[in-house]
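Here you go, one structure.
Here the chain labels run A, B, C and D in written order, and each chain numbers its own residues starting at 1.
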Amino acid sequence: MADMTYREAVAEGIAREMRLDPTVVCLGEDIGAAEGVFKTTVGLFKEFGPTRVWDTPISEQAIVGAAMGAAMTGLRPVAEIMFSDFLACCWDYLANEIPKVRYMTGGQVTVPLVVRTANGGGLGFGAQHSQAVENWAFTVPGLKIAAPSTPADVIGLLAAAIRSDDPVVVFEHKGLFASRGPAPPAGHVVPLGQASIARQGRDVTLVALASTVPIALQAAETLAADGIEAEVIDLRCLVPLDMRTVLESLARTSRLVVVEENPYQGGWGATVVSIVADEGFELLDAPIRRVAGECVPLPFADSLEAQVIPTAARVIDVVGQLAAY
Amino acid sequence: MADMTYREAVAEGIAREMRLDPTVVCLGEDIGAAEGVFKTTVGLFKEFGPTRVWDTPISEQAIVGAAMGAAMTGLRPVAEIMFSDFLACCWDYLANEIPKVRYMTGGQVTVPLVVRTANGGGLGFGAQHSQAVENWAFTVPGLKIAAPSTPADVIGLLAAAIRSDDPVVVFEHKGLFASRGPAPPAGHVVPLGQASIARQGRDVTLVALASTVPIALQAAETLAADGIEAEVIDLRCLVPLDMRTVLESLARTSRLVVVEENPYQGGWGATVVSIVADEGFELLDAPIRRVAGECVPLPFADSLEAQVIPTAARVIDVVGQLAAY
Amino acid sequence: MNDLLRMYELMAVIRRTEKAAYDLFMAGLVKGTTHLASGQEAVAVGASEALRDDDYTFATYRGHHHTIARGATPEACLAELMSKATGLCGGKGGSMHLTYAAGNMLGSYAIVGSHLPMAVGAAWSAQLRGSEQIAVAFFGDGATNIGAFHEALNLAAVWKLPVVFVCENNLYMEYTPIASVTAVANPAADRACAYNLPASIVDGNDVLVVRSAVREAAARARDGGGPTVLEMQTYRHFGHSRTDPATYRPSWEVEEWLSRDPLTIAAAQLSKEDVAAADARAEKVVAEAVEAAKAAPPAEGALTDVWADGSSTWRT
Amino acid sequence: MNDLLRMYELMAVIRRTEKAAYDLFMAGLVKGTTHLASGQEAVAVGASEALRDDDYTFATYRGHHHTIARGATPEACLAELMSKATGLCGGKGGSMHLTYAAGNMLGSYAIVGSHLPMAVGAAWSAQLRGSEQIAVAFFGDGATNIGAFHEALNLAAVWKLPVVFVCENNLYMEYTPIASVTAVANPAADRACAYNLPASIVDGNDVLVVRSAVREAAARARDGGGPTVLEMQTYRHFGHSRTDPATYRPSWEVEEWLSRDPLTIAAAQLSKEDVAAADARAEKVVAEAVEAAKAAPPAEGALTDVWADGSSTWRT
């Protein structure tokens, strides 16, 4: 299979669904003629034209609110929120409207929409353009949440998300856009809620998501040289959350480290840990550790930013401590 | 000491600070002549007049954004967001602006403001007026978070919050407004970040906050009849989070149940558990359990709502399982 | 039956349904809160009469009138308020979230202003599907000061969407007069200039006037003429919500508006006999609805209906 | 020195500072992203000249010009961009968050529109404290379509606050023309009607014209006359941000605006000698700033400055 970038996979993943289903439409800022500020919508405007790919004003509430109204009435909108930090500008729709309308109408209304957004740090964009905020969405029952780590998963998860009758937030990681991987075959779909085992190992389980998958894999390589075999689980989705895969791995390894980019306080890893501390308590041979973002805003300077987001070195350090436990 | 309601304590707590410090000003919807839709600002407009107590349009972004600008320039605004669900309408200010501006300016700017809001369910207000969203705020480094459970704590924590040079979100619980307790003496201040031990016990630690404190206490009473002595910790604040008190209690009890109203997925209890599963691992004699909100929107019907928010019965049930472990 | 009589009867049904809701509240059979629209019936009924059945409407927590006007039965509404399984939303929504999707009444939203962008989206969808449907958002005067209002009107105007923005200006937000917090006299109509949209100020208590204003706006929308802003002048007879005695309103103002009751205005143009007969029918429908709703089984399914598959499972 | 010459020199310093920022970017010494304001200097300098030192200003991620105009040194700005400890924000803010609180330039905000309510709040604070300060928010054309704009203008108008809303209309958002997504021709000025506010459209490339427009608005604000909307017509010489070659702009348009460069316009009214001397001084100041910034120690303190006590401790 040919290689492609994660960035290319986004546009390709959307295009594949748009070809299959004429009700799939895109809207967002600068996604049309400009092809996206991250170049993640390249080719869409050319192929599908202005009735399928819509440039919007800077109106995040109108973007997501209109997507919701359209999803309630026969379309499958794919709305882009340029940086995930800006989800805060339309948070009412993500938190109070979209995830609740099916429930509060007793099932009368469904909202098959996708909100895509560029998430995460590492590029020196500062406090308001660098956050990993997948944990914000995780606080809201009623949203499905995908966060791919490879180009193939981007395409497969976008397919599942766009076809889903439930609302899905897809977190594309800014730090991964330039990364490469095999292009998946036509028809590739990754069902929502199925973690993948990115690396097998018997000594410790590393649970990761999106940007932290390559970090965990890199740490695992170094640890292997020291004789510690880490199993790396790529959750792929936060909702549905594939705890079965995590607990099964833990049954083999007895040790758990969660590697997450969002801040430690309120991070999604805490929920994973709390399930394990309940249902997997007897499997544990050592404390559970979380390598997470520091509880500070994201600093601009690259040297500072590297100190507050997870690194392979921190993972290696923490696993070393657990192994010695 | 005379008794007062939690609701009265809010107005009294604000009034005490307004008397001491002329830079304290209030703004929000219907807080002036109407004295607040929850009657939590009764008397303020009368005593302090329209230059200290401001009725606003329905403009949550302008309310909190203006509070921020005022806090940067010499005032200590106390902004009311009527229901905590509406924090979603001004989430940008809570998530991206207020908590970050001090850090991202390298300490040039401080934001001594308070955002007060009526939080939580149990009153049959449905999906968009009943959420416990203290966990939303908990995802954001740079916000202090208080959530009092008694009238005295309302006054003491409001005093600390209004005097704080850091931004503080105060979650007042709708279900507690009518509850009564002793009025605290003049000058009463409860420092941010100090949990209280609401009940002592040796068998299990129940960690609670705001509405779940009376629930945990009620459960503890029942459990005591069965010979199980539960220690109930009222966290009072999520940030700063007083883990020392939790870990010290756990050292005595070896068993932990967190009782929280926000949903299980992404709830603050998960972070408490994850710290314990790391730093308190050796103290544990049993799995850690969380009694939390179900991962659904809040239903309107009271019989349904009672099934999705924590109850004493569920706490008793869970503690019983742990005790038998 | 002539149009006006039919509309009168529908208003009478709404009025009595809300009266029943109030009484049931006092009897402890309705919990939570309710926001009565009594006094504002003409807006809902006049507008619905001007719409096609497949047009979309979106309303607020003060939405009983809009729900019934689009075809929901008083029984289903009251059952919802009484937390019954037969309620419109199975008891999960309540008064603030009445929804009747079968009648294209796509919901009542309780975050002020939130549904305006949704209506814009429904109109966009209709335009893309070439269905010639339109969408209508009903909202209060207070909603005109929130950001979502601005974003919705601009987007609708730029994309020239088939949507009508209907403000029910009842002079008050919860307890505070809209005039005290708004920079213009007519909170909706005076904002249309900022979006280059046509606007009119309409007597919202005269159902025929409402109907013709909405007809005109709907026709413009359907013909590709884009959005219209309609500001309906009206008044709520009761307080904001159950707990509000509305003492902040001067009694002359209340009296003046009560004398302009939309039912009275419509009745004045009908024969006494017709009105009496319509009232009797309305009385009967609502009385039966109350009994049926009372007899219905309680709501169930706290953990259903989150996902399209009916479940609420979020993890393995 | 006469006013215009002083303003010219300040614009020349800003122009060269941004040129230096660009070069340092290309040399790998500035990371992240930068949004150059080259072409828009007259707005910042003309406005700052019209303000008192204790007036507050709030700017966007495109804020180099506003920061220097309020008194920050090129060295402190460049050091910030180069992630140095001596940077304005100690390297924690970067280009998008330049802040010079000592000069009452209270920050650069990177969420479009977010700072308009803050400026309203600063004006409110000034009014309450009776300090006769005013607040100015600078924002782009694109910001006029976001909800916070609407809420801010309404609140400021209702409370008659001493605030001036200065839109820098440079015709584009990131890569999309503002005209394609806005319902009115002048995105800021044509919205003033919705708040009953005075507005004017101003030649934003003529520093003297800018100054007099802001003077008038500032005087009105200070005298209790409330807010004003000023829409400055201007143009950015470069793309939206570092990575943008701006190929979406027709070359005739770029040329036309380059011929209306604010520095050229100001220089035409000054003597050649004065201009040359000012250019030389600006050149020297910036060259020295670059050297000093390069020599400064790197940023530190990733875990400081969250709380007012300087720490970031969130738990015991």
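Some observations on this one:
Everything below uses one rule, namely that contacts are C-beta pairs under 8 Å (C-beta built on N, C-alpha and C of every residue); 3 or more make two chains touch, one makes a residue touch a chain.
Treat the numbers as computed from the prediction; the structure is a model and nothing was measured.
Of all chains in the assembly, those touching subunit A and also subunit B are C, D. For subunit A, the chain whose average C-alpha position is most distant is C. Counted by C-beta pairs in contact, the busier of A-C and A-D is A-C. Centroid to centroid, with C-alpha atoms defining each point, subunit C and subunit D lie 45 Å apart. Remark: subunit A and subunit C have CA centroids separated by 39 Å (rounded to whole angstrom).
Centroid to centroid, with C-alpha atoms defining each point, subunit B and subunit C lie 35 Å apart.
Shown for subunit A are the residues in touch with two or more other chains, namely 56-57, 59-61, 85-86, 88-89, 92, 96, 99, 103-104, 126-128, 141-142, 239, 241, 265, 294-297, 299-300.
For subunit D, the set of residues touching two or more other chains reads 89, 91-93, 97, 109, 111, 145-148, 151, 154, 158, 180-182, 306, 312, 314-315.
By the touch criterion stated above, subunit A contacts subunit D in their complex at residues 29-30, 32-34, 37, 55-61, 85-86, 88-89, 123-129, 265, 294-297, 299-305, 307-308. Per the touch definition, subunit B reaches subunit A in the complex via residues 85-86, 88-89, 91-92, 94-96, 99-100, 103-104, 126-128, 133, 135-136, 138-142, 239, 241, 262-271, 273-274, 276-279, 281-282, 284, 286-290, 294-297, 299-300. Across the complex, subunit B is touched by residues 31-33, 80, 83, 89, 91-97, 109-113, 142-143, 145-147, 173-176, 180-182, 248, 298-303, 306, 312, 314-315 of subunit C. Those residues of subunit B whose C-beta lies close enough to touch subunit D in the complex are 25, 51, 54, 56-57, 59-62, 64-75, 77, 92-93, 96-97, 99, 101-110, 112, 141-142, 164-166, 193, 239-245, 275. Interface of subunit C with subunit D (complex): residues 145-151, 153-154, 157-158, 180-184, 190-191, 193-197.
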